[in-house]
């Protein structure tokens, strides 16, 4: 199999908040049509890393590319175009709590398909139906358990029909069944050829779905390569992470 | 409804404290300083504009009705003393100080700090509200006096440059009588007392995270501004009847 | 002393930065209004929430302002004997000045502060970032409909308020001062009121712009949880009050020049 072309690239990205350096010279490629997982201990800057890809954060130094767009130099208007193709789903469910679930999804449809409110609403319900979420359509987000909130966030993002989808810890804090349900959706997207970037420390998900794994540790990319290689790597840090050992560098 | 119960409780507690002369001297001085300091620039600038607007409007009304300006300065000073000075100071106090108190006490309430205080058997009303209440009455008096003065002088500038009325003519105490002064002072005191009372009560009623704090703050401005206007009408009317 | 100067300097720079970002906000809001692509449903919802629900407080405020103005001009009338002044003075003051500015202040407390708090909460809970990530421009989606709704509501409310202010004035004459309300109306008729009515509406529109821009700006720049939201609301009402009176002066001044 020939090496797939990268959809997105980070080249030598530095990012600090005040005196706290989160990323130092991080270089990363996201291959097209594959499912890449980003793992790493809590607080290493996984969320910070991927937010650069959609221009929610700008690097202190380095370059961010999406295909032939220089993301870190786009203005807000141009970023809106990018974010229609490359969608980021937040770690915390960020549903608009003044609207019902169906309205949350319909909002995106209405804005990007330019259709009337009523049409948008029925398209939104169809989207929820496809994901088996019809029963939630009229609920208010704050009333839902977190697993369902995450599913709705995913549904809302999919209403954009993105070519690249970035999921920030989609299964963290969910019970195994809810996590499995999310993974099933991810697998389906993978089969449809959507490029995926998933942040997760859920080793089961990684085993089930990953083509590539990126391991972030101490401001840098510690490992990037195939999934098998990740679990078998001869690196004490990876070993500690994979086997949840108490003693070690993490 | 629950809000008015809180207001009532706080009112009776503060009157009781006033009777017993338990005002917590040093904390109160600090609060007077803080309240005054926080609002002095804001009140100064705003009142300067109000003075200019008022004289512009009054002068053009006189032009239309009386066609002469000899009473402009005297009428301005009287209007400022008994009406515009205190009511504007009251409204500005409601926006500047009232929202601050509601936000402060509101965020203490939603983060359970008020309950924590009660558990240490510290009375939050005595600790938080009383000093603010008396401090703000005193600060309100000062701000009204300062605001009136600033507005008068800025109005004088407008009269001079805009309508060629010399300061000599404008500066006239002819209309102002003791009654006007008493009315102005009592308004300032009452407004200064009302604003923190209502705002703190709104703060205590806050619930539900940052959303609750926002709501409490909004409610505090609206209620305290509205009460200021109601009380102003009442006091003006009482003054009118007494004269 | 040095510390005082330093803090004054910092405040000054902060205010300059704020004025700058307010202008940017205003410009971006205006740009997102053309072409008019905001959705009508959202606009109607905002109009109802903002306009209709502010009606009671505006009516009460306006009635009281009318009463206060009549009582006030009475003291002047008593000294000078110019009875015509009751109607004229109160009418002019209500229509061109106190009506718009006091209704503006109340409205900023109810609506502006509310908008700042609402937007602030959306920022704190990352809902605004989520909008961006879904390629929806927060200005177009959140700010533009509010801007239109606030300006429209305030102008319409001022029309209602003007009317109530005059009614309040007439009632005060009749019941509190034992002056026939016809004297009040006659005084009103003596002066050209149309101009003052119009300038009042121009002011209301400008105040609406100030309230919307300031509250959106403070709301969207919140940082730091519940306390941050409280601070933003506080800053919002203060800046709005200042903005209202500055705009008021500028409009009054320009109006008398032409």
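Just a few scattered comments:
Letters A, B and C name the chains as they come in the text, with residue numbers starting at 1 for each one.
Keep in mind that, in the parts below, contacts are C-beta pairs under 8 Å (C-beta built on N, C-alpha and C of every residue); 3 or more make two chains touch, one makes a residue touch a chain.
Keep in mind that what you see is a predicted model, and the values were worked out from it rather than measured.
Farthest from chain C, judged by the mean position of CA atoms in each chain, is A. Once CA atoms are averaged chain by chain and compared with the all-protein CA average, the nearest chain turns out to be C. Centroid to centroid, with C-alpha atoms defining each point, chain A and chain C lie 43 Å apart. Averaging Cα coordinates per chain places chain B and chain C 19 Å apart.
Averaging C-alpha coordinates per chain places the centre of chain A 52 Å away from that of chain B.
Listed in rising order, the residues of chain C touching chain B in the complex are 57, 60-61, 64-65, 67-68, 71-72, 74-76, 79-80, 82, 84-85, 88-89, 92-93, 96-97, 102, 105-106, 109-110, 113-114, 116-118, 120-121, 124, 176-177, 190-192, 225-231, 233-234, 237-238, 240-242, 245-246, 248-249, 252-253, 256.
Taken in their complex, chain C has these residues touching chain A: 39, 41, 122, 125-127, 129-130, 132-137, 141. Of all residues in chain A, those touching chain C in their complex are 54, 56, 76-77, 79-84, 87-90, 92, 94-97, 107-108, 110-112, 117, 156-157, 160. Of all the residues in chain B, the ones that touch chain C in their complex are 42, 45-46, 49-50, 52-54, 56-57, 60-61, 64-66, 71, 75, 78-79, 82-83, 87, 91-92, 94-96, 99-100, 102-104, 106-107, 110-111, 162, 175, 180, 209-215, 217-218, 221-222, 225-226, 229-230, 232-233, 236-237, 240.
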